[in-house]
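Chain naming follows the written order as A, B, C, D, E and F, and within any one chain the residues start at number 1.
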Amino acid sequence: MDTSLILQNLLTPPVLFFFLGAIAVFVRSDLEIPAPLPKLFSLYLLLAIGFKGGVELGHYGLGGQVIPTVTAAIVMSLVVPLVCFAVLRLKLDVFNSAAIAAAYGSISAVTFITAESFLESQSIAYDGFMVAALALMESPAIIIGLILVNLSARQKRPDAKGMNWGAVLHEAMLNGSVYLLIGSLLIGFIGASHSPAGIEKMDPFTNKLFYGALCFFLLDMGIVAAQRVKDLQKAGWFLIFFSVLMPLLNGVVGGFIAKGLGLGPGNALLFIVLCASASYIAVPAAMRMTVPEANPSYYISTALGLTFPFNIIIGIPLYMGLVNKLIPAVS
Amino acid sequence: MKRLDLIVSERELDSVIKALDKANAPGYSVIKHVTGRGPDTSVSEGMDFSGLGANAHVIVFCEQDVVDKLRELVNPILDYYGGVAYVAEAHPM
Amino acid sequence: MDTSLILQNLLTPPVLFFFLGAIAVFVRSDLEIPAPLPKLFSLYLLLAIGFKGGVELGHYGLGGQVIPTVTAAIVMSLVVPLVCFAVLRLKLDVFNSAAIAAAYGSISAVTFITAESFLESQSIAYDGFMVAALALMESPAIIIGLILVNLSARQKRPDAKGMNWGAVLHEAMLNGSVYLLIGSLLIGFIGASHSPAGIEKMDPFTNKLFYGALCFFLLDMGIVAAQRVKDLQKAGWFLIFFSVLMPLLNGVVGGFIAKGLGLGPGNALLFIVLCASASYIAVPAAMRMTVPEANPSYYISTALGLTFPFNIIIGIPLYMGLVNKLIPAVS
Amino acid sequence: MDTSLILQNLLTPPVLFFFLGAIAVFVRSDLEIPAPLPKLFSLYLLLAIGFKGGVELGHYGLGGQVIPTVTAAIVMSLVVPLVCFAVLRLKLDVFNSAAIAAAYGSISAVTFITAESFLESQSIAYDGFMVAALALMESPAIIIGLILVNLSARQKRPDAKGMNWGAVLHEAMLNGSVYLLIGSLLIGFIGASHSPAGIEKMDPFTNKLFYGALCFFLLDMGIVAAQRVKDLQKAGWFLIFFSVLMPLLNGVVGGFIAKGLGLGPGNALLFIVLCASASYIAVPAAMRMTVPEANPSYYISTALGLTFPFNIIIGIPLYMGLVNKLIPAVS
Amino acid sequence: MKRLDLIVSERELDSVIKALDKANAPGYSVIKHVTGRGPDTSVSEGMDFSGLGANAHVIVFCEQDVVDKLRELVNPILDYYGGVAYVAEAHPM
Amino acid sequence: MKRLDLIVSERELDSVIKALDKANAPGYSVIKHVTGRGPDTSVSEGMDFSGLGANAHVIVFCEQDVVDKLRELVNPILDYYGGVAYVAEAHPM
């Protein structure tokens, strides 16, 4: 059954375009999507997903499973980096361990979106409030990462500057992608009650166009992820195993929490994907600034070069299989 | 006069520009979306979509005294975050 | 009643995205929309608004209120800069006064578009021919601005080069944004009668997508406008008052002219917005080239940093209140 | 009848936007679409046309006229460069002749797309499998061009390096635009049978948006083509005649082949356009790399500066007239 | 040989290139989307969407005589519209 | 130290970077989307959408020995495909 889900996922346009991009690198085609076009798509996807989630949250309200689910999500974004850090310290120094740990505690919006479109292709319902969980899982993991650096490495930092907590919080809460996601969520939320005409007129842009834009962006992500594979080889076996096994572990834990929360199968899959995915946009930017001692090629190549493709291609259907086992669908 | 070439991450551009203003640089020019490689790390266009960004190339034509002031202000940024700064001779046309 | 209109306007997605961009600057988020992406949206909006206006003009024909309205619009674009110039000369030199005056005589296409979507959210009808007025108000103001410089400043110009009138007319009529707007208007106009199938197939691009693209562009405009606020402080109180009071004055005059022309409420609002808005795309480009003596930070920060947000946020509903008083809606 | 077709074609939005771009250059407007925005549209058009063609091919299957048509197309892409080379050698050296010949053997995707939208405006049916012919005509012409260089110029090449056939084949089969077109075709083909939901959700992006994006891109193509006209003058009368007469010749030959294949009028027009159009994307890139001795301004200005506008404006309706004579429409 | 660096507004790029052709420059390279600050004015990426544009950086490797001719042709443009031009030594690799 | 400026077509950028790695350059920076004109050919932004691409400007700060090695590796590329390479003096700030 899992195999058939994997195959069904493999043959959808988003995943196929991801492969098309990755193969372009391996066969050394000169296909490229020059900067800043990928930025256009990444800004668009964040705006659209935030807005759509906000609208649905507005219609749904803050009752029901919203508060418990979002709270559980935030807790996971605090716990996952601690576990990751403990594992990573077996082989890596404090700086690299903390930076990678923060990435895995945080989330990947594109993985989340791909999971949503997987659910749609399977006609499984899910709720817009899951986007709120997505938005609120970005920052805590960054902060935990920096606390870990500070606790473990006070002596190891070259200069006495220490940590500028203002800058850290600022970077964690206000970096462009977090800000745009949360801002669009709020706009959708406000619009849901105050501007129904506006919401409707946004639909062709934020909704109809979304799937195609996702495919286009995944084409680029395929290129970028494949370019990272070389770095991964340099990073060594320990990190390669980590990039595959850690998402699986976090996914399984997420699955049980989702069951405990009483989430439906769609929401449960999205919850698992939030736990299992790793950030390669917001966290690297924050780590680059606040933990320059860490080697970016480690935290980018693990999160983007392996965990991301793994989740997109195999992870999502695998987690769906887990959901199907754990949570009997209401038919 | 001197020509100063600074190559830093776009993320540190604001700090560098503040330093230039503080050192009373008569002006400067900035080119973004610069990629490259240093002794340890490399910056590719592939990550331009993320907050990580690419490098920026800052060109400053100025007198020696500005260079001297900048050395103090900019070198700590370069030491902490990476990046290079080179000085050469140049004359107004 | 005005307060409720202001609130209704405030809570629509376009205005909220403008705020989101502006707040990003004030909280120092690193959200940015890198060049040339904003250019893509500005080209798109000009093309789409011109095309849609042309199609409607094609269906409507050149009869009815078209010729009187367009003529009145052109007259306003000649008179407004003269009034502005007289006011500005109280405090500023000839060059800066002429450049700012030209900006206020010309128009802001994005303000116009935002007013259109305000009308749509209020279910108030308006006509496509107003876009023709928009298109024809850009150039005259530029020319008046340059005549003012030439008349008042012949001795003050540093070199004997004087004015190259060919270059001035060229810049006024053929700068990219004016050219694209008028060209797209003509294409829509021609297409309306000769290519109905083509018109229909343009609809998803020029029409459905429009609202979302406007929101995206306003996100950027919020960033850019907020970056200009510092310049505004330098420019001093005189220019700050000018940037708010002048649009109000021009808007009120425009309202009475609209009433005199017998325009319906929707067209009247658009006419007022044309009078009250100031150019920050075509005029600055022309002034930069033809009046390099003027300080760009003056004419950009007034038109873009204050008049634009003022119109978008408060002006449009305020003008609507005026229209409601002046022109009884036909129900 | 041809004149009326020409006029009907002239007044469609795509052709009018092409003119708008070209005129901008002639009147020296500063309208420009800065890089890399044109690349966004060219990537989009290739992705969308490939995907749509693949989906239709998936529904249609590989039976019927598919194999004979595609085979004939490939044969034409091998024969056309030989004929062109023979003609061009009358006046030009081996390198330039081979490079131009390769361009005319290959195809122009944008001309093909414009022909498709011409057919749609005339309500004439055509089949998605023609895109497969399009995709498979790019590479062979490149290879023939390089074989011609090698056979005729072995002694004339400055260094003994000779030809690196691996690099040549790589460039011919895997350059970005060929790769993206074929890849998207395959994804559409696979999706047609395995992901009907995905196919449907791609529709707003690849289908609805297509016509508008084509117009936008043709605006840029008008600018770029007009900028090439100066080069054309330098190239001299021989190449100017070549750029108009060769497409006509190839078109007529293509028409008879289409008749022989028993194609319907829509497919016949597309087949002719494939034969008559010349490449200004894939082939120049390949020639720049593999025949650096040839002057790019020759092969770009002929294919892009003259043959492309000729086909878009006059060629397509002319070829339609030919089709109407040769192939009686089934009514 | 000389290396000439010109930084002007993109709007004046055409005039500068005409001057380069007139002065028989053997070639040149142009980088657009350059931002920066001079003594009075500053050019930011934020206005890139408008007709105002950003700056362009023109690099010319040429002999001294070309520099001399360019000085006469380009300096009036720089004086009127702003921009900077600096000369340095450079040798073919 | 030396400052090396290479301007080549983006299509040859990969070969040039390979040469830089082979010559043990301590680092380099790359600016893409450069247009320009040489003695025979010109590269305009207009063709940027095609596979033809624009030029790339590569800056390398390095010691003389790296320049010497690069001369051998890069000059054949420049001779065959076009492009320019110039060397100047520069010193770390």
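Everything that follows uses one rule, which is that contacts are C-beta pairs under 8 Å (C-beta built on N, C-alpha and C of every residue); 3 or more make two chains touch, one makes a residue touch a chain.
Please read all numbers here as calculations on a predicted model, not as lab measurements.
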Reaching subunit E from subunit A through chains that touch each other, fewest steps
2
When subunit C meets its copy subunit D, do both sides use mostly the same residue numbers (more than half shared) or mostly different ones?
different
Note: subunit F sits from subunit A at a C-alpha centroid distance in Å of 38
Between subunit B and subunit D, what's the gap in Å when you average each chain's C-alpha atoms?
45
Would you kindly tell me how far, in whole Å, the mean C-alpha position of subunit E lies from that of subunit D?
38
Taking each chain's centre as the mean position of its Cα atoms, how many Å separate subunit B from subunit F?
20
Do you know which subunit D residues sit against two or more other chains?
30, 34-36, 39-40, 175-176, 204, 208-209, 285
Multi-chain contacts in subunit B, i.e. residues touching at least two other chains, fall at 11, 31-33, 45, 51, 88-89
Per the contact definition, I'd like the list of subunit B residues that touch subunit F in the complex.
4-7, 31, 33-39, 45, 55, 57, 67, 70-71, 74-75, 84-89
Within the complex, subunit E is touched by subunit C residues 34-36, 38-39, 41-42, 159, 175-177, 220, 223-224, 227, 280-282, 284-286, 288-289, 292, 295-297, 300
Subunit E contact footprint on subunit B (complex, rising order)
1, 3, 26-33, 59, 61, 88-93
Where on subunit C does subunit A make contact in their complex?
8, 11-14, 16-17, 20, 23-24, 27-37, 40, 117, 120-121, 123, 204, 208-209, 211-213, 215-216, 219
Can you tell me which positions in subunit D touch subunit A when the two form their complex?
35-36, 39-40, 43-44, 47, 51, 170, 174-176, 179-180, 183-184, 186-187, 190-191, 194-195, 197-199, 201-202, 204-206, 208-209, 285
